[in-house]
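Please read the structure below before turning to the comments.
By letter and in written order, the chains are A, B, C, D, E, F, G and H; residue numbering begins at 1 in each of them.
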Amino acid sequence: MIFKDKEAILFTGDSITDAGRKRPIGEGKAEALGNGYVLQIDTLLNVYYPENIYRVINTGVSGNTSRDLVERWQTDVLDLNPDYVVVCIGANDVWRQFDNPHCFYGHIGPQEYRQNLEKMIELTKDKVKGMILMTPYYIEPNKQDLMRKRMDEYGEIVKELARRHNLLCVDLQEEFDQYLKYRYPAYIQWDRVHSGPIGSMLIARAFLRAVGFDRKFI
Amino acid sequence: MIFKDKEAILFTGDSITDAGRKRPIGEGKAEALGNGYVLQIDTLLNVYYPENIYRVINTGVSGNTSRDLVERWQTDVLDLNPDYVVVCIGANDVWRQFDNPHCFYGHIGPQEYRQNLEKMIELTKDKVKGMILMTPYYIEPNKQDLMRKRMDEYGEIVKELARRHNLLCVDLQEEFDQYLKYRYPAYIQWDRVHSGPIGSMLIARAFLRAVGFDRKFI
Amino acid sequence: MIFKDKEAILFTGDSITDAGRKRPIGEGKAEALGNGYVLQIDTLLNVYYPENIYRVINTGVSGNTSRDLVERWQTDVLDLNPDYVVVCIGANDVWRQFDNPHCFYGHIGPQEYRQNLEKMIELTKDKVKGMILMTPYYIEPNKQDLMRKRMDEYGEIVKELARRHNLLCVDLQEEFDQYLKYRYPAYIQWDRVHSGPIGSMLIARAFLRAVGFDRKFI
Amino acid sequence: MIFKDKEAILFTGDSITDAGRKRPIGEGKAEALGNGYVLQIDTLLNVYYPENIYRVINTGVSGNTSRDLVERWQTDVLDLNPDYVVVCIGANDVWRQFDNPHCFYGHIGPQEYRQNLEKMIELTKDKVKGMILMTPYYIEPNKQDLMRKRMDEYGEIVKELARRHNLLCVDLQEEFDQYLKYRYPAYIQWDRVHSGPIGSMLIARAFLRAVGFDRKFI
Amino acid sequence: MIFKDKEAILFTGDSITDAGRKRPIGEGKAEALGNGYVLQIDTLLNVYYPENIYRVINTGVSGNTSRDLVERWQTDVLDLNPDYVVVCIGANDVWRQFDNPHCFYGHIGPQEYRQNLEKMIELTKDKVKGMILMTPYYIEPNKQDLMRKRMDEYGEIVKELARRHNLLCVDLQEEFDQYLKYRYPAYIQWDRVHSGPIGSMLIARAFLRAVGFDRKFI
Amino acid sequence: MIFKDKEAILFTGDSITDAGRKRPIGEGKAEALGNGYVLQIDTLLNVYYPENIYRVINTGVSGNTSRDLVERWQTDVLDLNPDYVVVCIGANDVWRQFDNPHCFYGHIGPQEYRQNLEKMIELTKDKVKGMILMTPYYIEPNKQDLMRKRMDEYGEIVKELARRHNLLCVDLQEEFDQYLKYRYPAYIQWDRVHSGPIGSMLIARAFLRAVGFDRKFI
Amino acid sequence: MIFKDKEAILFTGDSITDAGRKRPIGEGKAEALGNGYVLQIDTLLNVYYPENIYRVINTGVSGNTSRDLVERWQTDVLDLNPDYVVVCIGANDVWRQFDNPHCFYGHIGPQEYRQNLEKMIELTKDKVKGMILMTPYYIEPNKQDLMRKRMDEYGEIVKELARRHNLLCVDLQEEFDQYLKYRYPAYIQWDRVHSGPIGSMLIARAFLRAVGFDRKFI
Amino acid sequence: MIFKDKEAILFTGDSITDAGRKRPIGEGKAEALGNGYVLQIDTLLNVYYPENIYRVINTGVSGNTSRDLVERWQTDVLDLNPDYVVVCIGANDVWRQFDNPHCFYGHIGPQEYRQNLEKMIELTKDKVKGMILMTPYYIEPNKQDLMRKRMDEYGEIVKELARRHNLLCVDLQEEFDQYLKYRYPAYIQWDRVHSGPIGSMLIARAFLRAVGFDRKFI
């Protein structure tokens, strides 16, 4: 497990991260973290590493794209001095191209997406003990689906940037793909984007695996 | 156009029909009809056949399956003495099998679906001037998608029953399939089930075509 | 049809245009456009021209007169860089003279109305591909009615300015007059000013006719 | 003045009478009487006849037609043992024919209207010291207007029944007609049916004149 | 009657004047004037002088003392350019001495009250056609009651200032005293300060008498 | 102190007792007792007699007269098997005669008031360890005030019945009279009927004195 | 793992189980299960046993004691035909003795508690594949604390009954005790009774261990 | 009694003081003081010292620590010119260390707590007639409880500073300790921190004892 006692782990991103967290900063008693994967991770860290105190912070904002995230990166990430930064962004960058194709100005193409992520990495890398990227995902098993294909492009960018900058990377699409062998997408979430309790646990599990969770579950 | 002046046309079904209609009966000034396809049909009939007065009634109920509809058929359809009855049911019969697979008791299989529809037809056929069936639909272009395949089975049942009982039938799935050549499902509706303004107009247009709408649009 | 793929069409005016649109800008998924004639036009363009993507924007504000519209013209029209601008204003300019005769400062007489419209035209004409004027209207068939007479004066100003500046013009009063041969005003709207679903469809149809809608309805 | 100390005067009818009164019985401190003409009458009786205590009761119900009123006549009028009964009904009997022409079952034609009123008179006449009829009205000066013409038919029925049964009658249409020489209908009320503060005072004044108000105003 | 066609009459003061008026300025359709004496005056002027249009404005603010009123006099009175200004202030100046004796800083003694009123008169006198003072009042018939005695002191100041500056003055306390010969205070209002419908009509009547109302009531 | 460990003391009456208590029975954690004198008594018993557990119950109902109380005496008093019953009723019996003089049917004259109290006493006396009567009161120092005079009549009835039936009696009017030597009524409560925090403490103190409170306050 | 594909597992108890579940039956999409330990168990079963579909049902009711649970056992447990029944009751049986010591009638002593549990077991044992008891708990590490001691008595009863009837038993107090070696009670929950996210996960883990959860966590 | 007629006594602190007071300043009629110990003190001063008028002010703010209090000391204490200042702070300084151990930045250690208090004392001492310190408390009888031990440390600091600066000091922990001999903490408050009605009376009594309350309770 890479996290040490008293370290601060900041999660940021869009509604998947936000999940109804407290404003302006999602930190403190449980409800402050929203009811999504951040809460699940915090709960599991508490239950399985009770000898440590981790400071879990959530600054996800519903509806955010990578462009929005860059704009608030200074105040919502760097100013909070986290030891670790976890980013999960891109769902809206892609979704808006499909559900609001006529709002061109809100579409973040792959090139801008890559630049935004690189900007975040550059601003952060040297100021933290670790930065972790999570790929965006789409709960759709059909890889020929247009939006799924597009999301996969963005996931590739995340994975490539993680490799290049030597960052931990969590491939959430892969998690969901495994799970979709057993369940229809609407079981997890009608809109195929938000995570619901099952998806949140899938994300939490993948994240904890990546950071070296090493306790026995039962 | 099959409808004559002063005739009452009753629409019933699930949330696609309901669309926020007034309780207990959706009838009267526009807002009483909800904001879905029933309102669109009423509006178009008013605009294009102003020499006639049609009594449009909406008794759709959100969440209903064909089983629920049979149970309230007497009070919500027959007791209102319509001249025409229009039914659009089945979305929840199928959807529940995919988003609530564990609630077995709420799943309406194809056999029960057929029986429920036949029951409605038998109870109604001789009491009205016409009964019109609309197929359920799923806003998903991939015909290999599991839920789409299932929905197609139910659509086939509707079409077959319409043929056997010599009823007008509106193939809504076909309407949406044509439209999906141009747009991604999330543009119409995130959950791929409800119709939104565009889907409501597609349904209204298909319905009006089926009943012999014969006015020039412009 | 004058509109081309990816063009932005901005509608502005008073509550007839507003119809509950999203703030600050009415743009995006359907509910952002309110539930009036702008939504009807957007829906019909989507259904009948699926090969094109139009960016429909609504910046109507309930209660606005032409004076209010001039004041916010820069931010709510020009700054949004539309390809086409559609204006429907004047109902409150006239109405206030009749329902609030004692609030003199809020009355926009014909002379100021003409100046306000000319101001809008001058500011806009050279910056857009087209500007379309829609006359104000009053759902009252009695041409001797005092408010109807007054509204007709304002409608004449609109038509004259359209001719002089060579702009497309939609005579909404004429649309409603045709329809009032069949229906009593209270059927459309109790206050004889707002449009309701039927009036919204009448406006949408007249607008689409003016811009060269050329598809078969059924 | 026909009312004596401690007598109970009951007003009933539709929304014009109701005006937001308390449920189930509108009686007691001022707010219990709603904010319409009944409150104005109660206030003026209190101010000008302070030596008497009148028990003013309001059982108007918004949306009621004469048919509804007959149905609740026993509980909402007779059971309350008033000394005087004042009825103002008919607006909705007529209005529904124009704003909901397709809801045939809710239309009360002149014949049923007459029968309903006669029923009320017969049930009441011998049980009270006086029964007072007020004609329905429409705030529309154009006597050729279709709804105005219809309303005048109903007003004639009220006046004729009052004559035949020797009841006091208040011609509210005449009051509004006099006032409309000076003001446009929308100044009083956008829908031309409800009374607003000015209309309520016109009704109160006409009523008090009819019952013999005999004090100096200033 | 001193008011002429198209003149603006501004009423200001505390909650007795405010009565729920619209913000920021109480002007326009009836509900904008609140539901107190200002509405009654506006209604009676409309009904009895229909040949004139009066612009009635209400800028009363609940809880105000004469000190508060001086502070907002420029924006809430002078900037609105009224032809006539009517002031009814002082109830809270006195009341706070009795219901909040410990909040010394909010007590306006007779000397400051006089100064505040003189300030208002000086600022206004030469800018309007007329200024009318209404005395504060207390709905308590016992002249030995401590708060009644105090209120009478303030009423004397109003009357004296009106004499000195030659302004119209309405003695509201006298109006209520006459009425209290017939009714117990709690009938009008539990707190003996606010006016209720009956008190509002008493104030309206006294005001109209003072300004020369000259029409027959019935 | 007459109350022993584990005894149940039930308070009932009107809004002075009710004070926002929980429904259907006011019993349990503090908020269940409302925020009036019952809570004060419960708090003081807890603080000063911590060695005992008293079961304090509140079944006061806002707006109740003695007539209402008799009607619900079985369910709201006797069925709860209290050891002691405390009654404070009569404020509304009197008040309604002054603030709703025209609602004759709601007036409880002295004779009925006496009968109602006697009925309660008879039904209760033999079933409890003690019954305690508290006089109604009016926060008005002027004994010539009409409502104060009337309230004194009712207070006399309470005291006389207490004497005759040998019940403890708390003269609340006397408490308030003593306090009114120092404070103006509006300081305690604008309507002179409800008790506010100060009045609640006055009532609690008088009650505790009557039942033999014997601890040092500080 | 004892649960098989398609089996129904019903959880019932008090607010710890309820956790905001849907009414009348907590079953279906995730939010129907509340946000407590039942949701956690359902989520973990879904994630780790995706090849099975379990029907998880929640009929906990906030504030319930074992007495309440017996009363609704037929409708809320047996009528739903579960394969497994899980009961967690007793927190309120004990808590009320400490936070409402004066409400004697609501106290469930150890004897009644045992009888209520036995009643549930007898009614159920032969109708299900398994019944699982969970002990009540108190998040207080001090075993001399009065309420903790009392809770331990009730926990012993549960364990003894489980042994005697040969039922699976989950010792929740033991779970919390282990965890309290690392954390102060207020970290988990201010009131030391409800579970919060951490407590819910502790309960879920203990439950899953007892039923033979056999998958690798990561 | 140290307070004299017309003196202003300001209470400040955290939620125990705040108790729902009015914003921005808690002063005026009773509800302005919240429903905690400040209201109790105000009520008792009014009832027992009716010959004096005390100006009681409440500027407590829920959630405040001593650090927050220092920051708003100028505006919320000194600017209001009180004669006496009463401070009760520290509960959150300690609580956050136990219920939010991971939010390190919000923990106020004993050293900072002492400095904050000294800062308040220095800023205030010479500007008021008296400053009174109340110790923080924890409603937990077990002195080995970790949070209780910590709270005792802070209480010692308060007492030591009071001695050193010669200020009145109220040992609230001692009050609660005496009371806890008779009652379990959950009887007073589930969270063991807020005071509830009983705790508020205990605080009020201890405070009044300290300032020389010298009247007979009964």
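Just so it is clear, a contact is a pair of C-beta atoms (placed from the backbone, for glycine too) under 8 Å apart; a residue touches a chain by one contact, two chains touch by 3 or more.
Computed from a predicted model, the values in this text were never measured in an experiment.
Among the remaining chains, those touching chain D as well as chain E are C, F. Path length between chain E and chain G in the touching-chain graph (shortest route): 2. At the interface between chain D and chain F, under half of the residue numbers involved are used by both copies, so each side presents largely different positions.
After Cα superposition, the angle needed to carry chain B onto chain D is 90 degrees, rounded to a multiple of 5. With chains reduced to the mean position of their C-alpha atoms, the one farthest from chain G is E. Computed from the mean C-alpha positions, the centre of chain A lies at a distance of 33 Å from the centre of chain G.
Between chain C and chain D the centroid-to-centroid distance comes to 40 Å (mean Cα coordinates, whole Å). Once the centre of each chain is set as its mean CA position, chain A and chain E turn out to be 63 Å apart. Inter-chain centre distance (chain A to chain D, centres taken as mean C-alpha positions): 66 Å.
Residue positions 99-101, 183 of chain D are each in touch with at least two other chains. Pairs of chains meeting the touch criterion: A-B, A-C, A-G, A-H, B-C, B-D, B-G, C-D, C-E, D-E, D-F, E-F, E-H, F-G, F-H, G-H. Against chain H, the residues of chain E that register as touching in their complex are 99-104.
Taken in their complex, chain G has these residues touching chain A: 30, 35, 39, 42-44, 46-47, 50-51, 179, 181-183, 196-198, 200-202, 205, 208-209, 213, 215-218. Contact residues on chain G toward chain B in their complex (touch as defined above): 6, 27-29, 53-56.
Residue ranges of chain B in contact with chain A, taken from their complex: 95, 98-101, 142, 144-147, 183-184, 186-187, 190-193.
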